[in-house]
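Common to both upcoming complexes is subunit A, partnered first by subunit B, then by subunit C.
Showing the complex of A and B:
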């Protein structure tokens, strides 16, 4: 046995050293610390506004749509697939709710069910094309997203439709629990379900194995196609749910604006993968990432800075977090 | 004794000053109401110029329209109305359908130039400044390039185009200013939502600021600037933050009415729904619907069909050598709770403005 090997064996026998433990914790909770730091900075500058409950309830209550879109993305991402159609599914879903409810007079419940069904069908179409033709998910979902945008423009006649049944608005943002609109709790429930499935079920483990290596997963007896199919359908279904929440938030729907959620959601998904369970897309990390970004942007808005500074914050936060995570990972590799 | 008299004098002076201040505020509020009242009545048709024989002068001529984006209902409605008029008059009119990409405008201009269109119209947001080389080439090929519904009366011709068909954006901005003054009793603390970079924004904001500076120097306003592509993600959090940062904000002015969709949830979440009035511009049907339901207080509208008539009138005069029209006489109409129902339920484009202009233009063009 060489001396290097003996050192490794000793280290393994002693367990992780203290430095390593702190590095792990730093990475795991770094984003939460950064979030608290952002709160502290803006709280110090404008304490009377930023540290008020009204501000926090606003921050929590207004970003449920982005949280759900982000959560929808991490399911196929964990399985190694991209879903670029999710923003289009969101838009189609919200527009369907508006068209069926306002233009065609459907009851709001039926309109929501129809919207969710269409979303799931889009997921089925995505998965079927990807798996049958063996085309990369990036290409198929990009095409499907563009196609669905066209469909939405067609059936909505490119019109914005307001006057969606107030029952939905009441159920999404007008009703509050502890001062926070219900939308926040819906998003939280979705996050908790995904956290449980990812971390405590065989389905979650299979999803992870498939994402880490399809061939290995297949050789281990996992039905890879079935797992990928389920992930893509779940993603589209959550995209549809996000659309329903979007319609309930604005009380209206238009055929384009929902498309802008795609990039912020990807940013939050990748940022979330640097924390809580570093290196893996995870539900709690994603939620923390969304609210970290939103807290920063709200603080900047309260200070009255121009909107381009918000973009700087968004982009810089993502790059810095991922770079730091990679740095820690590099140190970790050298230490072990 | 002397001290007592002095105190009373000071108190009297303060009361007098307050009364004078209140009287001045009352005056400006009355003035605001008078300014707004002029725009609540159904507009009268005014001919932009002398009558001419449209059929004779347009025979054999071709016009190509390049709208900012065919997916915007505002523009597709104008294009459809113009196509109807062109068929009636008897000349070739074509729309270069696009989805708002500059590369598509470039294609449109190249197509217009190579197919010898007499006039290429860049409609409502298709900005000539973004395609100057193509405009130069189109003009060299013999096409006239005109920017319609893009600039205010006071603005210069942009991007090397032959001319413009202007809209009174400045007046729309002034009316938004008057509305804010009237609605707040001359104590404006408004939140104004804009899209910087657009010529129409510059013109509207000039009008808004001038009214404030001249009539309400103590009034104030904060500005939120959100590019159109980011309205969905930026307007709501920015408005929420602004309302939290300054709870005394007493009016919201999104200068384009499609922004309202993202302002309303911000009001609901901050608990201010129904407590801060919204005044806006464009007259988009769904926003007039929000006026009907009381969520928006005022929407200054333009009749899209009237715009199609007015813009085409200007183009035809230019092509027939009848001079350039400085004011196409396209009116503004205020929709509020007193008249929002006239736009239909649900509201539809071009309804509520009367139809006198249709006969007016037909007579002007000698079609009857």
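Showing the complex of A and C:
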């Protein structure tokens, strides 16, 4: 088979190509290098503030919520669905914890349980509508997000509620391990679970096939609707968990600031998909991406740049991340 | 290679070479297409066909030294992307470039709107012009109809007429060269003839055609001359009327392949393995079929006869209205079946539309091949990339998938190798019934032979095989029995030595309109 011979020769020509190996490595670890570079730059400008342990501890601890929201997004994204309602679920869940615990005097455990349950129900509603009516997830979750935001404003009377049981605050942010608040480790555990499921289980492979080729997945015997259902419920559940962490981080809940997590989370999810496992949404890449973005913003605010830079930074990051992943794909196609 | 006709060639290429890194895709290729000539371009995957076409389209730059003439005028190489329009060349690719949700007329005018900014589109006048254009080639398309409501052949016709229309509207040139790049692999035989009628009509209006295909019979049917590429060189340029099929095959493969010897020796099948009873679908109406152990049964017929529906209904790729399938003592109600339940019962389907139904091009060979056996690695809860690569690597060895690199993206494999991965993916599950839908569509002739052997090997181990195909040569090569459908019913059954390509074709056409009920 002469054509096959040529392909082999092709591969032999590409195989030991050192340049290619370095391009691959660059793609894989580029984001980590960029993160270290950002740290080095700000560290060189303001070493006394930026390079302090307190600063890093704050970055790691306070952004655990964003990490969990990002992780919640990559599950349906891998299965080919968007979940735009996850920020509203976060808000609803944190608000429920506050209202039930502070206003109605529920024990904190019960309040958390109720909040998580409601979050899961929102996920079930999302999935049921998407799958039953065959509507694009973007539309359904956009509507559901706004709807849940309305519900939250209604049952909270649009008030910020503080004074949440200190047990939660202690468990989330006040207790530190190796100087970093526990919230960081919770987010890390979620990331490790997702990393394992995505990379090492049949469930992860099925999720991937459902996202990349729904008809191929169905004809391969994968129960496509069940997988999509599971992914949407999981993302809502993690959105609820993020809400609980948010309540614990601030000791309070307000009915709108949760919404500001949505865009940064998407930016981090897409940016994360360009590294570690380039071309796939992946947990470790997402975590690195979150901290890369947050480090940049923290550094800029230490330099005294106004807060509007946050929007500039996240908005640009989302577009750059998607453009980068497009470039990666283009290069792969040119290899043929 | 020069012939008298070449002097007034519409397109003449000399000494065309293209190297990619260390490998040579084209090596000193000469090609001349005469005025009003249909010129076939044949060759296996990797022979350089697509590189040649991409150079004409301005997608690749050829190596220095190549020369190009259009209508006798020298044209400087490399061409820039889109230059071909100015030169009077148009391309129709396998994926026709139509927007399904838009109307016939909108699709017809896409190219023009892309380049000419007009403030007002005279829709009524354009519709009249479109109707007249279609009528000239004996087509009756409604300009207002959405393309998604057209049949496959109508879409192909539309794409070809659109290409012709675009070049005839070019002000700068009188050249009319259509490059048809594999326009037929998704069409049944009868529709291919319709397409050829159109091609002949275009030639009568002064067009020349470069016809690229895998299908030797089609190329022999429609072309005047044939250029065969092998390993980037011109293996032969043949005058079609004076050429036998075996000569073409030898030129393509570089050795002789005895097509008749590909026919399976008669075998004694075992007892009944699978029976389908009372199957009903959109077209299929009360079909019953029994397949014995180790038997390969072909299903064929004209387009719309429902032969291809049977395998999809038996797997529940499309849900049947009614019917029962009995396999090793278990009876499945087909109206309630799902693909996962079919797989659990030992049934697998190799879909005909590989790109949308069988493989995910953006995932690796290992990902694709290991999908049905993921649960075998510690219940599916401890899978490693290395484990998947090992499984896929072993399969690639057994099924001769090239290159032997399980971490390759599926999209980077040729059609034949992709199909071998799909076969490997399912055959590793040791199925009891294999359902095939056009198993060698878009596959080069070398891989085709291998795929036949793989299917034969599976049936030798006792697996029952149902193969739906409009490729009669393929059915004659592998089947123990061939069932012909017409209007959703079984009308004929050929067995053993009665099976031959002409016999099958004759039954398909003869039986049209004559329905006599089911044969088991």
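We adopt the following convention: the second predicted complex is superposed on the first by the 296 of 336 C-alpha atoms of A that agree within 3 Å, B and C clash if a C-alpha of one lies under 4 Å from a C-alpha of the other, contacts with A are read in each partner's own complex, and residues count from 1 in each chain.
The working rule: contacts are C-beta pairs under 8 Å (C-beta built on N, C-alpha and C of every residue); 3 or more make two chains touch, one makes a residue touch a chain.
Just so it is clear, the structure is predicted and the values come from calculations on it, not from any experiment.
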{"item": "First (subunit B), second (subunit C), both or neither touched by A:28", "value": "neither"}
{"item": "Which superposed partner A:46 touches (first subunit B, second subunit C, both, neither)", "value": "first"}
{"item": "Partner chain in contact with A:203 - subunit B first, subunit C second, else both or neither", "value": "second"}
{"item": "Partner chain in contact with A:212 - subunit B first, subunit C second, else both or neither", "value": "second"}
{"item": "Which of subunit B and subunit C A:258 touches, first, second, both or neither", "value": "first"}
{"item": "Subunit B residues within the subunit A interface of the complex", "value": "71-73, 76, 222, 224-227, 229-234, 236-238, 240-242, 244-245, 258, 261-262, 264-266, 268-271, 284-287, 289-290, 293, 346"}
{"item": "Contacting residues of subunit A [partner subunit C, same complex]", "value": "1-4, 6-14, 199-206, 208-209, 212-213, 215-216, 218-223, 279, 329, 332-333, 335-336"}
{"item": "Subunit B partner contacts - residues on subunit A that touch it in the complex", "value": "46, 49, 52, 54-55, 57-58, 61-63, 66, 102, 153, 157-163, 169, 173-174, 181, 249-252, 254-261, 264, 294, 297-298, 301-302, 304, 306-307, 310"}
{"item": "In the complex with subunit A, residue positions of subunit C that touch it", "value": "20-23, 44-47, 230-231, 254, 315, 317, 338-340, 342-344, 349, 351, 356-360, 362-363, 367, 370-372, 374-375, 377, 380-385, 402-403, 405, 409, 411-412, 414, 444, 446"}
